[in-house]
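Taking it in order: structure first as structure tokens, then the write-up.
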């Protein structure tokens, strides 16, 4: 992720666990939403500061707190103390250029994942970090800015659809991962569309702009790959479930998310192969065009050279030359020129040298 | 599978297990066929709805139900209830863009495979999903549309040829897989034929259309690969037989199917290498043609330039010039032109510049 | 093996184990040779049919039966019954497009290997399947046609040279594998020679025919690779000797064969790399030639253009022009042309534009 | 590391463990700094020779000795005796062209790592070896020259910030590794910047100098890779902690350093892919330029050839030719030339042949 | 190793263990040197035949016999009997085209390695086989010809430097391997130097000879790789020490040799990458040159065409044409030609078309 490489070096030599927000500030204010639910009831709270929320861990049921906006390091430290998070976890949450990973701690799992969005105008994929902390009875989610991506899950919690309310915190974590992975397919569709448009245009009329388009798409796809390959590993290690945070039934669902990431990766690779093929076509079409233009030059030369020679011949100053005195000599000469050009044109036409192939 | 990437995003945020048919509806009506058999007897039933069929699991022998057409989600849910299928299994059956996979559940194995067919006119490979559920005494097969591919197996069941009737449900599952993998070879033959035609044409007379042909075939072969590599893994894990759904003797037969998939993959790779080699030949033949046309231009220029110069020389207006007054001067000049052109032509001919190499 | 892909599909839907000879019939008649030997004695029999042979397994010593010609499915079935071969083994023997593999059965090991021969005229490698069944006291070998490749082993058995007669059936199997792998080196030498010839020719005078030669050799080498890589795996798994068909001492010898296959594979890869390098040289020599011919055109143009311009200048119809009236004006003009051309020629010569580089 | 390959051969045949400094002498004098600390106190010593320092291993707390300048082999041998280092360890410290590695000995771990610095003017990455010996209560660091990179750690030790003073020698080793890996990101930023500059320049105006720039950057990145890949393995094997030199809590921090190396490697690979893409763009832009210049030639030829032919036609010496006697004939002819050139120019303009694409 | 492939086929069908020297005879006579040593004493013997030497295995200390020249199969068989070597070991010693390998036998280890030497004039790497047999109290080394490479070890034995005399046969084997691997670095330096020379020359003035140079170096490096990769595996498996022929302390030293082979391999890969980069530069410089020459042609055409047209125009035979009667008309015309050419030259110069880029 070349774009992020600038931010790392600011922290050199500081002790690990020093809280410092690394990355762009994407939202001006921090927002916290807290859900407490079990099969029977659901309580919902929103606040700007941690003080306004009851963060005691529930006896039964699940607590889910979502945090938008990460630049307020003081509040992050407070959250860390409230949920007993390791300093390295807080540090990773704040460094928003992490690659997806899974760290296990005795009381919770810490997952880093990424949301992607694609701007079709600039053909640029931007991404932001979503950190998930999964405890036995709580889930914390940290996002750089509000995206509304988790709204369907909130809706399902409120309306008690599906098994989300009855299942534990692990099922909530699964549902969040599912939403994150599903969002990737939206980006994939858009990139794929752009790729198809480019391909069509390329087969129709290749130009230098296309090369840069291909180059750009390739770059974006590499960035997607770099985010999804480790995510696949993360989910795979969740399925192996060495940490015992997932119930057997939820693992079946995780397997489904895993299948989606594999599917996604394969589609990405397909697009990558497609782009490589497009590059081949582009390069060959450039060669082809050189070819066509050399041929055009050849044809022009071949059509004009005999005529020019004939004109030169009749322009010689010999005393005695045929046709010169003939009243129609001029027209004979022109006719000879036209005739030779026509015969040549016919030959070229039959050899398909005049067609654009 | 870029073509399928459009359909995924419709489901974002819905709880897992929500039944929704994803994919093209390929047949207007749903058809169910049910076989009950053991070594002694065979019962056969067909219906449009589940109601008309006796789906009770048999005490002895095997029940095989085949379903054509998957868009009727209500009926699919009914089938799910009748055979106690997990919601995720039903979901995967209905999402017809799955990659081949094997999921094990306590009471059954769930396999996703794909049928391929190749349209030689458009050089497009289309595929459809075939899902197989293998229980201890039943087999369910789900297809997107009737293809008649399983008819030979039905025939063998009816005629009691081979060991199909005496063996258990695992042998039926093997027989179905065998048919599926064997069908791949038909597609392979057709793709291979097209590839050979393209190669021959390429060596005879390369053109830009061929580049697109190569590009297209490469794409199709990539799609086949994406389907067969995971299938190989599926069959391999069936052979390892951790799930104990296969008897020892059937595993020997599965090994045979495994060999076929490996054979198929190698043939695919061979075609892929061939296509890569064809691309090299294509690109080099383009270069060659530029070469040949530059040479043609050179030859033309070399033949005409001296003649044009001679004409120019005798067109100069010097008072005293040789040959001008000579009655045959004009013919001398023409002869000189022709002579030089002939000598040059001879040199070119001996250097094989006039041959097409 | 693209050439074989045509034959597979004929069997679709037939029950596994259905005997059908797939592949070309390479010999019109079937021939069986049977050796019975131990340290003391050797008995040798030949026949056209199984009936004429005593196929009872020996109490002591080893029985080796070799079969040439596989199209007589009835006899093959008979052999299968005589030695209690699994239907799948017979099927694999008859399908002569198998890749090398090792299948273990309780009473015997089943090996599929391939013989290769190279026709230097057509630069085509043809191969045929050699199947070996190794029991505790018998060895069966199945070949598509008589090749005489096993004659040295027969000779060693008859003359009781080496340890072949005293060792068991495993040592015979080793000796057969050794002969098969050694034969690969003959093909390798021939392919390598062709490759060297091609390389020399390429460096001397590259032409389009060479591209097709490289393409063809690459194809053949890919076919060899596809046969030898799995053979390496087969021998490796024989060395691991999980099946206990080999005595400890024979395993030492197998390790030797294994080394040979690895050596063979490395030589193949070396030739492959060589061919890739040759393709680079070929493509670059094409570019070079375009270069040289563009330069020739440039040189011609540069030599003639000034002369033509001078002729044009003195052909203008101005009333007053220098030299026109001078008796030597014409020769001055010609001298000027020759002079400019000479100076240019000198410049080109010093810039080494006239050399062929 | 091609630059180092010259120094190896000087040692051939000498017994292993012979101390000889291999590599450039980067600082004229040797400097030793020694820290002794525990949670309560910190003692700091500096000297030019070992004699002036108390190198007794502490009962409680940690001893950290840093050595700058490695050419004084006598002193190195003395240090080896003082800390009971194996001769091979000393040898590896003195051979400053080692790749990163981890060797375990009963009483200590021996790590070789590298510092990198990038000179943006010459686009050359230089590196130097940092060897770390980690015992249960001591840490030795060996550097080729003073760089000040470990100063922040010294500062943290003095100011007792973070947990460095209270944790053991393993945490100090972690902190050193963390600083080393963090420094890599500075080099990465600089290389990445140069790469971006090159890319921008390339898209604006490609030239041959760029090819050499790409070639150079690629070389430097390969050198970085060669150093970081084994470092990743080193840290990974520290995390596995088979040698029990790290406490459980420090392993969590090492995991963080590991993540950084992985992040670094991915960024490197991204830059590598970028450079490969840039090479493609460069090569295609060269092709494009040939194309454009051939076209320019074609256009010029096409504009001038008809005019030259017309001039030739009216220069013929026929007695009777149209327009010759016409007072405006000359202008008619010029007009005809201009007209044809204009029509052609219009055609070219509409076909966008005059634009620079 | 394509050069060796000719010799293999001579042995087809012979029983394994048949002694036959395969490879070039590189020295006319066989020479044996025998060292017997322990910590206290050293005895040294030289002879042409085995008869003159005392080959009884020592009670204490180590026996080291070195054999130069392998073509005397009778003597080799004698040595085999004296030290109870397996026939396959003797066979492998005599077949001097082996790849490096390690075979373990109950009483000894058998190692095959290779010496390399590089002839800078022909840019050819030649290699010869060095076989080592390591027993508990003896070491045998077999070389194709005397090279003097083991002299430093003999010197160390005589002078009792280092720990060689006190350590066992395993340490001697280590010392021999160390010398062999160290020698590789000499070859690497020479190849690297040639590569640098080639690169410099390439950047200065690319020519077709360079392509062949790159091709040749690539071939040589492939050959080195093929020898060193398996050697790395050999040493790695010695370090794992499953065969218990090495003492714990010697394994530490072997680890050092292992590091050197890894270092060597990485340097080789670096040179390989460099050569690949040089090929890119070469190919692009060829393209560039085409480009430059097309441009030269364009410039020439553009400078001459207008002048030629002007000459043609004033050569027309119109009765009334401007300037014709003007005494300075001729000079006006020439001035016009020169003027247009100058303006064009200026335009080309400003577009940097006249520079060589």
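Couple of notes before you dig in:
Letters are used for the chains, namely A, B, C, D and E, taken in the order the chains are written, and counting of residues starts over at 1 for each.
Note that a contact is a pair of C-beta atoms (placed from the backbone, for glycine too) under 8 Å apart; a residue touches a chain by one contact, two chains touch by 3 or more.
This structure is a prediction, so every number in the text was calculated from the model and none was measured.
Steps from subunit A to subunit E, taking the shortest chain of touch contacts, total 2. Chains that touch both subunit B and subunit C are absent from this assembly. Counting the residue numbers used at the interface between subunit D and subunit E, under half appear in both copies, so the two copies meet with largely different residues.
Per-chain CA centroids place subunit C at a distance of 27 Å from subunit E. Inter-chain spacing, taken between the CA centroids of subunit B and subunit E, is 43 Å. Shared contact sites, meaning residues of subunit A that touch two or more other chains, fall at 283, 287, 290, 294, 297, 301, 308, 312, 315-317, 321. Contacts between chains close into a ring here, every chain touching precisely two others. Taking subunit B first and subunit C second, the full cyclic order of the chains is B, C, E, D, A. Against subunit D, in their complex, subunit E makes its touches with residues 151-153, 155-156, 161-164, 174-175, 178-179, 182-183, 185-186, 188-189, 192, 195-196, 203, 252-253, 255-256, 259-260, 262-263, 266-267, 270-271, 273-274, 277, 280-281, 283-285, 287-288, 290-291, 294-295, 297-298, 301-302, 305-306, 308-309, 312-313, 315-322, 357. Those residues of subunit D lying in contact with subunit E across their complex are 1-2, 5-6, 8-9, 11-18, 86, 88, 91-92, 97-99, 101, 103, 207-208, 211-212, 215, 218-219, 222-223, 226, 279, 282-283, 286-287, 289-290, 293-294, 296-297, 300-301, 304, 307-308, 311-312, 314-317, 321, 323-327, 329-330, 333-334, 337.
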